[in-house]
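Next come two complexes built around chain A: one with chain B, the other with chain C.
Let's turn to the complex of A and B:
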């Protein structure tokens, strides 16, 4: 007789436990979602909604001051026949040349300032200053550096008799983009140097000692220990710096006074997007450029990531 | 306590003693009284200034000047107070826009459906808003209803920008572009006097190479703001040389059909190729040209006197040496109207009469003369030039120009080139083709033909 109530009690207890677990589980999920909510709302408002609106606008003739009208694929058809779009795309890809240069220089600089030298912190700080300097200030500095005929470089070289006529840094279509790339490299070195510096400090010192005992010279040590050791950082920097290079805008705007350079020689895709959207007010067309550009950047980033990731998991190599 | 009282007294006495001195030091702002006010209007002034009918009682209007605050905020607040006393019951809210990004802010405010009621725009900005149909037509709202008021404005400034033949702005302050500053230090070094400086562009081309040679490559005669995207400078030059820009019916551009246009571009190319003007002229804007002048690189600077203060800030030594001459003229011997700052009223304003009244008030002769007393800008209202402030000159460089201004603005010609539809695209076309000619990518004639055909494609699409 007494076994039945005992079983019922046990069942009740099990049910109660189950309910308690579910309540705790719900509370746990609610807490997690609560923490996620602000970021999620932020992403919806500032990323997903603008993304959807941009895609919609790319099928319209929206001109900012007047209501949009549906034009179907009209903007995309015009885009692929637009020589300036192709020039912008070409220049954006040319700008990617800055990425390997930036990586090589940043790693070299990081190796130099990774030594326990007196006053090395001052140098680390100095190298980082361009990264925190406003692009307008950087533009003004380089306007002076590249100025003709009496800027820093031209004035110096002319007075030393090295050159007879000033170098046309920003007034010749062949040199404008390269000059602006130099500014980007100058601005970026310090920032990426810090990333590589932290990666370098995580490479075990014993590996270098072992390699030295095995007879490896400094160059071999760097090639076979340092580079594989900091490869995750290289992948990271390669991806973010190449996306930045594709998206370059501010330097071009500042260095060319908003013109895109002589004969549009520094016109990149982002700059062309800005010109169409915010100077010509062709927002629909600019949205089409933005959509195509986003697809290109996405594909490029995936390819970049896949290619570089393939070797990321390897540690330092055998000499 | 005693000590504190003595100190307070000393402070009070010294501040009283210093205040007239401080007022005397305001020679740059001569219309201020000792308390810093511009003027103390009487009821008679308020009655005289009340010229617009049907101003909405209880209206609250927002005013967006750009690049004037905080420097001229007290002037703006004073005129707002005067306006509110002129039209009791109307409130004006001042919302000054910084120079950087002002145009974008204005565009965004229209796109968001929340523009201010009275907006200050540079002349080159007006066309796109007029084209979009979002501005009050001033020919209908003011010129038709108040023809006497319309007559007061400088004609070239009233018609500076039109869309379909109508004006959508009220001109505010103007630039006096008939003046050329000469660097006295360079002139002295090269033994140049005012008589040696050419009067026409035709002479000025050779003069550029002569100065380069005479100075042994140390100085340029002048530089040119070819990097300035806005303003269609080269088309202005064509008008100055008597080359017709538009066809007779105004529906197409024809400047490429006159061989004189290609000759001008050839001359520019010659100057550039022979280093007679700085190669950086290709990318220089007006600001950079002023910097170049301030740095002592060039002898002559063609710009408005309102920008002389930049020279003074950059290099007082050069500023102190300046003397003035007239700008070069072309074969047509015309003086074109320079930059015009305008006031526009959105078509969607809730208080059209109050907004119009305020725009008219800001541009009335008294209010504008008071502004000219603050800073060397020029009134768009011809009645201002009857004021003794303008009829009598003064000792300073900019004071000397004031008596000349009235005549200049009565006769200055509007070249009409800011009335293109899709102006920003036209500017980009002119800029690109002009550079193609100067850099030898195309011949001058090819560049002009391409320029004209691309502009005509825009005109015919309207």
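Let's turn to the complex of A and C:
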């Protein structure tokens, strides 16, 4: 007899508990989203919405001051017949050559400064300085270095009689892009060197000792121990420097004074996007360039994404 | 590094260490020159009084500055004619006649009289201090906003259980794969036509109020904090906001410092966005002001060089002061 009300009471209690739990879980839910809200306001307005609009605009003839008209694939058809688009694409891919050079140089430099020599910290710090200097300043500094005929390089070589005529670093269509790439490389070495240095310091010293006992010389040691040991960093640097090589804009703007170089010789995809969108105000057309650009960088970006994602599963990280 | 265990005589070992070290120092000094020479060259140009070439065929290069026309303020022209000027708004003096006789004959062809005139011209003609302040204000608020939004958002993503958590995390992480260039045009349209942010410093801050990479980075940092700490605070009845503010923020300070350094440098050096947003000269940030220096002083590269020096040297000094944090922050962010 008394078991029935007891069970009812128990059911009530269970219901109460369940309700409480649900109330608590709703509260938890609200708290979590409350914490996420400020970031999401910005991400929605300046990232998610623009992402959608960008793709939409690429199918229109939007010109900033007039309403957009749907033109279907018109922009893309025009794009693939546009010689300057192909020029930009070609130059952007040429710019990727900077990546392996940067990696080779910065690893070599990291190996050099990864030893207990007196004053080595001073050198490391010095090498990093270009990375904290703004690209605009670096570009202008190199305009002085490349100047004709009295810049640092031309002036020195001419006075020594090594060359008879000044080298046309920024005034000849064949050399403009390469000269600008040199600047990107110069500015990047110290930055990537620090990344490789911290990777090198994590390679166990015993491996080198064991290899030395086995009779491997220094070069073999680096090839068989250093390179595999810092492989994740090499992958990481390869990805981020490829993406930034494809994105390069500021160096080109500064060193060609906003023109894109003699005969558009330094015109990259990003520069062409800027010109169409913000000089000619052909925003629909520029949006199509942006979409193509995004598809190309996506390959590299997905690799970057997977790298970051893999790192999230590696447990607690030290920072 | 040396792991040779052969029994050499101490002399030979010392000799080998010496040759080895000098080899490494040679490489390091050579690369140090590659790094430093462009800066030194700019510095040299910024104190040149005339446009004569530094390197000349069959003559000594003029690479050693000695004090020449040094001073500040008005009266440079008078000083150039009479040797010195001292007035209520300025002081100039030509030190060249006093210094030159002190130099040895071998040294003299390498020297040239340095001047502060180019710096004075940049100071009066271009409002560089204003650009500095603008750049600083923008970078400061970008850092503040990003630290707040990222540290708030990363907390539930790493330490709370709720439905949709992983989906949201991947949504944020996925945005990293889209280049900013894809969103550039719509972001510009929204900022200018919808929010009316053209020609304002807010327009350089607000679009960068949240940073997906920052959220990712801080989530990693939160991950290293033991759950028990948060649980016990919850049992004590602390609200989540209080836990975040009083317990978690002090613990993730290294991560916050890394994010702060990155977003500060990123904002300080950013060029394309301010180039699009700013027309009004009084709103220019430093990179924009620098880029238009060339237009302001057409043909006078010495003055442009002085402007570049004024804009870069303070940043290099700040870096040298905080270099440890910079470099630790960078390696930390990569380990991630």
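Keep in mind that, in the parts below, the second predicted complex is superposed on the first by the 256 of 319 C-alpha atoms of A that agree within 3 Å, B and C clash if a C-alpha of one lies under 4 Å from a C-alpha of the other, contacts with A are read in each partner's own complex, and residues count from 1 in each chain.
Keep this in mind: a contact is a pair of C-beta atoms (placed from the backbone, for glycine too) under 8 Å apart; a residue touches a chain by one contact, two chains touch by 3 or more.
A quick note: this is a predicted structure, and the numbers were derived from the prediction, not measured.
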item	value
Partner chain(s) touched by A:150 [first = chain B, second = chain C, both, neither]	both
Which of chain B and chain C A:228 touches, first, second, both or neither	neither
Which of chain B and chain C A:173 touches, first, second, both or neither	first
Partner chain in contact with A:278 - chain B first, chain C second, else both or neither	both
Chain B or chain C, by number of chain A residues touched	C
Which of chain B and chain C A:257 touches, first, second, both or neither	both
Which of chain B and chain C A:68 touches, first, second, both or neither	neither
Residues of chain A at both interfaces, chain B in one complex, chain C in the other	64, 147, 149-150, 257, 278
Contact set on chain A toward chain C in their complex	25, 28-29, 31-33, 35-36, 38-43, 45-51, 53-54, 57, 64, 109, 112-113, 115, 117, 120, 123-130, 132-137, 140-142, 144-145, 147, 149-150, 152, 155-156, 158-159, 161, 186, 190-191, 194-195, 197-198, 208-209, 212-213, 233, 236, 243, 246-247, 249-250, 253-254, 257, 270, 273-274, 277-278, 283, 286-287, 290-291, 293-294, 297-298, 301-302, 304-305, 308-309, 311-312, 315-319
Residue ranges of chain C touching chain A (in the complex, touch as defined)	1, 3-5, 21, 24-25, 27-28, 31-32, 34-39, 41-42, 45, 53-59, 61, 145, 148-150, 152-153, 155-157, 160-163, 165, 168, 172-179, 181-190, 206-210, 212, 215-216, 219-221, 223-224, 240, 244, 254-255, 258, 265, 268-269, 271-272, 275-276, 286-287, 290-291, 293-294, 301, 304-305, 308, 311-312, 315-316, 319-320, 323, 326-327, 330-336
Residues of chain B touching chain A in the complex	104, 107, 110-111, 128-129, 132-134, 227, 229, 275, 278-280, 282-283, 285, 288, 295, 297, 422, 424-425, 428, 431-432, 435-436, 439, 441
Contact set on chain A toward chain B in their complex	63-66, 147-150, 165-166, 168, 170-171, 173, 256-259, 261-264, 275, 278-281
